[in-house]
Structure formats: structure tokens, C-alpha cells
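Just so it is clear, A, B, C and D label the chains in written order, and each chain counts residues from 1 on its own.
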């Protein structure tokens, strides 16, 4: 067995260790530990990705001396490694970009706890990505939920704590349903390991035994994860949570946490239930419908919004709608498009949040559009970054958003029944995006003769600017040479089934 | 072959450099010299590209596996590139004098150069995706020209321009998806790609021509309609024309000259590309799409002229006239026979030169006298005769009085629509066959009605005009020379049309 | 009716439509251009306010006045009651089709549980098969689980931790605010009970692999002992042997030990290196390989966390 | 209706409890009651698991006098899952309670709607 195969396990364990140790460190030290950790884990994931690409097949890693189905095991393929790598990079950039706000907004002496939370969050994300065992998935989903709640309320004012409560309530409903569905599935299959579960589910579906409980279990699991990842009707908690928490948290939550759940759902669809059986239960049509509704209503609420960050938050409701619409297509192409959109949206949305904070900083900390006038001149880097992000969201060519819309359309035209609604809603929501993002961009570039607020120089925000540039590069790379990424995704999905 | 890339990216790079340069401590003279250097360099490069690598195609990179970004120079590209080059040079040198009074010159020249590069890219684009890509970039980069003097109206106009263009572009994209599904390639090929496609089985984008015409003709027609409407937005076609009269007046005069002479022509180019290089006239001829298209264009021609007729502000009036004139071109393209299309393409050139002249003259007037409304301009001809003579000649051309370029193009348009024998005309045939020329004539009269009063009042202010305060104030040569050059060109176009018409006829007949 | 009309007249859609028709501009109200000169603070305040108010006026927030709130509540309650009834019915309907209760032939009694039962003793050395399963076969899950506890304590710390300066001030302000008045009965009982509870907790931890119990339950019991002692004698006396510093050290060492053992176990197991932790003789206290130390670490961590919860909730500091 | 509803009465009760807890978590605007609902919901799931693990006539899976027969003991896995789940729900409840305390200290009410109203008032 090659040594590289240890890397997934190492990266999860390292994150846990770093989190545990950071809880005994001072703020600065915890920050350094966290940064190093993210660097190392990025390298490990990259190595895993290369390895899987070379061998061209996924590998299974037994956690302990007992083989599955008796012991735990984790599994790494191209898609897992790619996602893990991407998550690490995004998290690193988001933390760097929000660092200066963190020091302001979190009361001193508790910053180290923030890094503890992020370490454990990363570990849970990686575990969700790599796990091959449903119950491990459940445990780490809980870690994910709690640490996300911590990220929301670590900047302590009434809004955030209320948002945290709402978030907890919704996601506890979600995990309750998830757990119940999990137990039912266990009761029907007698396994907790994904691959064995899949065999048994296939057998049950073939024999038609326990048909109703099987469907109900699938529905429970799907609904639970939809609730946790804020699909349209369950998005009530989202705007406050993203809009008022500290900026790194907002970036991480919107681009990683919800995406982690969605990735878990993908994994369940492929590795536990089986794509065809999942397609046969009409639930994908429900997902499709809710996705479409989310695309429209999210954008509408974003247009109504008078506060930049809440606007961005609503737009991510719409984007999650895109992803579920991709699921709803029920085709490989749709799934590929969704996975690519997970990546591109992660890159874009965190960029938008980080840029927005730069803009509001030079506008006296107010997030209302009135104050933002001309902010693009006062903080050039943030302005440019925000413009790039908006263009990518609107689906301008050369940026990642365009490619994902292209893939969605490609998937849509292959599905005769859902082609028209999908394409029409795609067009409409694109135009709605254009309305509110372009409104904002024009806004921040509206010249004001005299501004109350000083413009910020490069020297003051070196890290920040570098982060923004990195984000922009990521976006453009995804937008211009998307082909290798898409190929990897296809390969990875093929490995799943 | 790198000449293509250079002619596209050199002006862009120059513009970016200008934008990045720090605002302060720039000597204006040095700035201007740098800009003019950029102009000339681009001019040389473009001409070199047009002569040296004609009919060469070059793939830059692949957006996705099936979507290369590639460039290819063909006749249509040459036509539009020449127009772009001439108008941009003239307007550019004109703006040296005009922009003296405006703030933020650097930003203006920067974006002006970038737009120049983007337009070259549009002319040289080798497939639909490349075209769409630069079409979007054109919208973004030309918007700063519109909202240059960040006044409230300017920002509103820019926002409106952006919104309309984006909506149009996405409508077009919606259509492109379907084309992409149904055709093996998106590369521009004379006569359309559909006949080589294999229509719509889900698995792969390829099957047999019969299938293309078979199962999803209806959906392809919808796609064509979407593309036409979407790109028609840029060309100010009726349902979505409202941005044009808003955007032109607020922009600086040379910018609006470039806008209505060239940038809106990008919409026309898009329509040409989609209809004659992607769908192919045979597919659309006689379909409901063609009928709707003809109706819209005629409607726009008439309505534009009417609006211009009752518009007091000079630049707005010119903008409305642009709306109507562009629809002349679109009408020619919609008729889909050789003569009419030739007329349309000729009118692209003629209208380009003429409208540039008119806007530059308006700019010169504003810049010297500061008057914008038509009724304020009595006796303007006495004050700046040379400019007003150019205006007069140009407006005669736009009306379509020989021997100017406008006459030739309109002649071809009218004869084309008369000799048109397409099934569509067979259907509601007689109507369109005589309706077309009639509308053209009526709107020509209207054109005379809204352009000539300025000349008349300008040269014959009437008895009560006090010649005492009259002083000659010709604008600086920076302004007059470009105007004269463009006027002369528009006249030459009318005097020796054959050079062009034969060539255009030649390649148009290959499209059919 | 007329109200509706007015609303329609200046509804967002109409404003948007008018803007498209070019009559008014979208920027009106929603995007006031700040005047070129610096406006007075009050002015700016007002501008932001009225734009805000305008937004509220358009779509009144549900909580703005009592009636709306009432209706919303009613509606919400009705809907959620229906939802719950629906869920209950569906679930009951499902239960009706589940494998029957207590039947040995159910799908979940398969080779997995068979191996746990039949070879668990030999492979893990734990008499208590459940403990053997969660701490040896599925050790990774359990590590994650103790991390859940850990991260929860971190979050509670973020929320309720008050830094010492303020704490000191509070206590100075109201002397012995958190201290019980010396209650003879309570203190006496605590004096007697606390050692017993501790010993019992340790017993349960040490016998985790032999009898029901283990790290979590034992730890909880020890935590209860600590809590009893504190509530009887007050924080000052507790801090003599258990303050924040020791708490951190204990917690971190426990978790790190657990992590190290676990990692050793996973890596050796996965790479096929045989690990040198002896299984011992089943049934003895010192047996069953990694289970005993892990139980000990878990117990320590749980005890700390339980006490930390109590102290943070009651006093905002350890 | 399926055959096993009254054979699986234990599971049925668990499901009833689950629904009740779910309802409380959704319905109550009082935070403490919400938390109680949450705990009921979790407990219901544990009850369900315990029922699933039971096999008629067998004893708890602790090896007694060396008998290591499949036929002797019930299924150990659900018990293990319940153990894990209990710890999770303990920590979640602690976290929720802490949040509630903070909100109460700030707004002097446990009613979530009331809190939202006050938030709207203070604008922010």
C-alpha cells in the first residue's frame, strides 16, 4: 500500500489535533497553527489528487485493524480529493481576507477559539468528503453544525446570536430527520458502510421488499440535508446568519458549510442509494422544482434588499437553487454541472463577501447602498474584486460563472421534459442577477465629488489585497481553462458509481 | 497570423496602461501624443492584418473542449473592420479638441482604445462563442464612454444601456444554446451550419440534415427569433430601442459618434453572422421569423423617423434617426436576397460615415457655442460655414439624394425588396413588396424633415437675425479635418460605388 | 380596492416598468446619489432612514404591528401543526411496513453483528461487546463524538466566558455572590458523598470494558461529583485544586492522548503493521488493548466538560 | 396499512414522540420549549434504535460465562449508535441553552418572535 493513501486520514486527524491544541494557545499562536495547518492539508489533498489521477482509481483506507464492514473506513477518489483541495484553498483565502475584521469584531482573548472552530470545521468537512460510512458522516455533520453555529455567533451582538439560534433550530430539524432516515436505512439494510448499503438497497429495490420504508428513508435523508443546506423554502435563517456574522465566517459558511452537506448528498445519491434508484423515486423532481423556485425567489429578495451583505446572502440562496436544479435534471451532465457550480460558486461567493467588507470599511462601516457610493474609488482592490465577482455571478464570459451556466444549459438541453423550464428560469434568474449585481457595481463606481471617508492605501491591507488577487485568479482560471476541472469531475463521478 | 492578435490586443493593452497610470502628473500633450501613437499603431496593425492574413484562422484557446476561442478574417469582417478603423481614427482625433473641456480625459481615452480593440476582435471573430464573448465585453467597456461625465442622467443612461444590452445578450445566449445543441459546430460558415448538422438526438449533437429540418425546426426558429431580438437590442430594433436615445445625448460627442456609427453596428454584424453564417438564409427564408423580423424593422424605420421628427434636442434627434437608419440595414438583411443584402451592407458603410459626421458636427457646435437645441441654432451656418456645409452634405446623403452614398444603398434596398420573391412575400407577399419601398420613401421624407431645418435656419436665419453680433468661429482644425474627411468619404462612396458593390455582391451571393 | 390600486401604482414592478419606459429612474429612493458636498450628519442619517423606511413601507415586516404578528402566528401555528400531523402519519404508515419487532430474522442481524458477538472478545479483549464495538471496531466515530463534546464546550465558552477582570469586579461588588451561605446539611452531605461519587465514577471508567458503563458515563458521574462539591463549598474552594489552567491541561492532554492512541491504532491497522498494545487476559481490569486508556481519556474529558458547562452557566468562568 | 403496525408498537410510539418533538421545535416560540422539543425528538430516535436492536429472548451483549453465541445476545450495533447519539444531543442541548441565556440577558425574554421584534426596532 502506498504511503500517499494515508494522506486523507492524516489530514482529518491533523485538523482535529490542531483544533485541540489551539484551544490551549494564545490568539496569535492559534492563528499561525491554523495557517500552517491549512497549508499542510492543502498539500496533502493535492498529493492525494495527483495520486488518484495517476492510478486512475479510488482507494479505500481502513481506519483501524478491522476491515469494513466491521471497522470504519474512508475512501478517496478524484472527486473527493479535488473537493478537499478546493475547500482547503477557499478556507485559507477566506481566513486571510477576513483576518483584519476578525481582530476588530471578536473580543480579544477569544480569537483563538475562532481558530479552534475553523480547524474542527475543516476536519468535519474533510471527513464528510472522505467518509465511506454513514454513521461517521452523521457524527461529523454534527461537528459541522456546531462549529458553524460557533462561527456565526462569535461576533457577539443580538443579530448574530438570534441568527445562530435560528440556524441551530433549522439545522437540528435537519439532522433529526437525517438521523431518523439513517436509522431506518440501517434497519432495512443492516449495514452502515456505504458500499454494502448500496448492495442491499439494490437488492431491496429489485425484490420490491420494504418498498415504502425505503422510499421514506430516502426522502427523510434528502429533506434533512436540503434543510441543512438552505434550499429555498428552508432559507429563512440564512440572510441574518451570512449578513451579520464576521466576514470570514460569512465566506466560509456560504461557500463551504452548505457545500459540504450538498457534497454529502451527492455521495449518498451515488454511493448509498444508487443514481438510478434515486432517480426512480420522484424526489428529484421535487428537488428540481424547489431549485427553480429558489433561483427566482432568492434573486427577487436580493433585488429588494437594501444591504449589500444581505443581498449577497440572498443571491447564494439562488445559487443553491442552481445546484439543486442540476440534481433535479437526473442526468450525469446535470450532476457534473452542479459539482462544477459548487466549486465556482464557492470561489465567487467568498470573493464577493471579502470584497464587500472592504467596500463597507471605506464607507464608514455602513452597508446601505447610500453609503457605498463611490466606494470603488476609495478601495480600488475591493472594487475591482467585487466587479469581477459580480460579473462571474451574472455569468459573464471569461469567469467561472459563465462556464457553470453553460454546463447547466448543456445538461438542460439533454433532458427533454425539463429543458424548457430549466432554460427559461436560467435566463430569467440570470437577468435578475444582472439587475442587482450591476446595480451595485454602478453604485460603487458612481463618482462623488467629496467623500466623507478616506480612501485606503495598498500598504494598509497587503494581505487583503493579495487574497483578493488570488481569488480573482482562481475565478479566471476556472473560467478560462475549465476543461481539466470538468474532466476531473466526470472521472470522479464515474468512480463513485 | 499574430497580426490578428496584435491588432486586437495592442489597443486593449494601451488602454489598460492608460487606465492604470496614476491620475496626477500627466502632461496633456504627452498623453495626447501617446494616444495618437496608439491610434496609428493600431491602424497600421489592422491594415496589415486585413491585407496579410486574409482568410487565415487562428485559435487562441479552448473555453471548453467543444468551444474554441478563434479568429478568422472574412469579407464581412473586412467590411466592418474598415468602417471601424476609419470612424474610430476620425472621432479619436476629433476628441483631442473636444475633450479639452471634459474631466477625466485619461479614463476616456483608455476605454476608447479598449473599445477599439474589442471591436476589431468582433470583426475578426471566427465563431459564435468568440463573438458572444467579445460582444459582452463590448457592452461593459463601452458603458464608461456613455456615463463619462458622471452626471445623474449619464449614470441612468449607462445603467439603462447596460441593462438592455445584457438582457439582449442573454436572450441571444438562450438561442445559442439551442443552436449549439443542434449543430455540430458554431464556426461561422457561409450559408449556415445547420445543413451540416444533424439535429437533435439527445446523445450527441450530430445527426442528419433531414433531422435538423425535421424534429426541432420549431425550436430552432424560436432560437433564431431569440438571437435576432437579442442582438437586435444593440442595433436598436423596435421593442428594445429605448436605450439608444437615452445613451447618445449624454455621451461626449466623439463617443456618441463612435457609438452610433460603429458600436451599434456590432448588433448588425451579429445579425449578419447569425442569419447568414449560422442559420443560413435557406432555413429562415419564408418562416414566420422572417415575417416578424420584416414587420419589426419596417415599424422601427417609421417610428424612429417620427420620433426624430418631433425631437427638439439635436443629439437626441440624431439618435432617433440612428434607430430608424439601422432598421433600414436590418430590413435589407431581412429580405434575404442578394440585392437587398448588398444594399444593407452598403448602408452600413454609408450610415457609418454620415452619422459620424452628423454627431461630430453636433459636438463641434456644442463645444464652440454650447447650444444643444435645434431652435437655438438659427444662423449657425453663418458662424461656422464649413462645418455646416459638411452637415448639409451629410444630411443630404442620409436622406438619400444622389450622388451621395445614401442614395446607392437605398436604391439597392428598394430594388431588392421589389424583386424579392421569397415565399414569405408569396404569403403576404404584395403587402411587403410594396410596403417596404413605400416606408423607406416616407421615412426618407421624414429624414429630410428633421435634418434640413437646421441647415435652412442655419444658413437663412431670416431678416430679424442681427448680423451685428455675428462673428466667425470655426472650430479648431482638430475638429474640422475629421469632419471633412468623413464627408468626402461619404460622397466618394456615392460617386464610385462600383468598386464596392461588385465586391460586396460577390461575397453576398456566396452566402445565399 | 382603492388601496390596492395605490399600492399597485407605486409598487416595485410599476417603478421598474416606468424606469424601463424611461419615465423615472430606478435609482430613485433606493439609490440616492450622495450630493457632491459632504451633507450634515443629520441629513445623511435621515437619508438612510427614509430609504430604509421606504423599504419597510413597501413590504411591511411581519413583526411591525400586533395584528400582522397575530395573523402570522396563527397561520404559522396552523401550518406547522398540520405539518407535524402529516409527518406523524407518514412515519406511522412507514412503521407499519418495517421489519417486525424482536425478530431474529431482521436484516440488521447479519454477519456484522455476528462477528462482533462471536469474535469480539478475542479481537478486542472487551467483555462488554458494545464498548468493544464503539471503542475498537468503530474507534473513529467515537473520536469524532468526543470532539463534538469538545467543540460544544468551546462554543459555550465563547458565549458565556467572562474575562477575569470583570469576574473579580462582580465578586468584589457582591461578596460571595456565587457562594452558598454555609449550609451545614448540604456541606456535610457533600463531604460524605463526593469521595464516594468519585470512586464510583472511577470504578465505572475502569470497568468500561467489563461491565456496562465506560468513559462517558463514568466521566459524567465524576463531573456530577465536582458539581456537587462546588455547589456546596463554592468556587473558591474548588479553584484550589481545579481552576481554568488545570481544566485546560486536563482536557487537552486527555484528547491528545486519545488522538495519539487512535492515530497509532488507525495507521498501524491500515498499513498492516501489527501494533504492540497487548490485549491482556479478557476479564481482567488491565486488558483489552487500547480500550482501557481510551476510556480513561474519555472519562477525564467528559468530567472536565460537564463541570465546565456547570461553571460557565452559573458563573461565566471556571 | 401494513401488517406490522401493532407488532412494532414500540417504533410507533417512537414515531409519535418524534412528531411531537418536531412539532415543538417548529411550533413553540419559547426557546426553552423548543429545546425540550429537540430533546424529545432525539430521545424518540434512541427509542427507535433500541427497539430495533432488541431480539426476543436474548440478553444484553456482555459476554457472560464465556458464551459467545450469536443466538445468545441482542444486536450490539444500535446500542453503540445510541451511546454516540446521546453524547451528541447532550452537547447540542448545552449549546442551545447557552445561546438562550445570552439572548435572555440581552432582551429579557425567551420568546423568539418578541426578540425578532426588538431586533427590528433597534434596526442595526
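We adopt the following convention: a contact is a pair of C-beta atoms (placed from the backbone, for glycine too) under 8 Å apart; a residue touches a chain by one contact, two chains touch by 3 or more.
Remember, it's a predicted structure, so these values are computed and weren't measured experimentally.
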Winner on C-beta contact pairs when A-B is weighed against C-D: C-D
Chain nearest the overall C-alpha centroid of the shown protein atoms: A
Distance from the mean Cα position of chain B to that of chain A, given in whole angstrom: 44
Centroid distance [mean C-alpha coordinates] between chain D and chain C, Å: 13
Cα-centroid distance, chain B relative to chain D, in whole angstrom: 69
Centre-to-centre distance between chain D and chain A (centres being mean Cα positions), rounded to whole Å: 28
Shared interface positions of chain A, touching two or more other chains: 135, 139, 142, 146, 149, 153, 156, 161, 180, 186-187, 212, 439, 446
Junction residues of chain B, two or more chains touched: 155, 159
Residue numbers of chain C (touch at least two other chains): 26, 33, 52, 91, 93-94, 97-99, 106, 108-109, 112, 116, 138, 141, 145, 148, 151-152, 155, 159
Residue numbers on chain A that touch chain D, as the complex places them: 135, 139, 142, 145-146, 149, 153, 156-159, 161-162, 164-166, 168-169, 172-173, 176, 179-180, 183, 186-187, 192, 212, 244
Residues of chain B defined as touching chain A within the complex: 61-65, 67, 129, 132-133, 136-137, 140, 150, 155, 158-159, 162-163, 166-167, 170-171, 173-174, 177-178, 180-181, 202
Parts of chain A lying in touch with chain B, wherever the complex brings them together: 391, 394-398, 403, 406, 409-410, 412-416, 423, 427, 430-431, 434-435, 438-439, 442, 446-447, 480-483, 486
Of all residues in chain D, those that touch chain A in their complex: 2, 18, 21-22, 25-26, 31, 34, 38, 41-42, 45, 48-49, 52, 77-78, 81, 84-85, 88, 91-92, 95-96, 99-100, 102-103, 106-107, 112, 115-116, 118-119, 122, 124
Interface residues, chain C side, partner chain A - complex: 12, 26, 30-34, 36-38, 44, 47-48, 51-52, 55, 58-59, 90-91, 93-94, 97-99, 106-112, 115-116, 123, 136-141, 143-145, 147-148, 150-152, 154-155, 157-159, 161, 163, 248-249, 251-252, 255-256, 259, 262-263, 265-272, 275
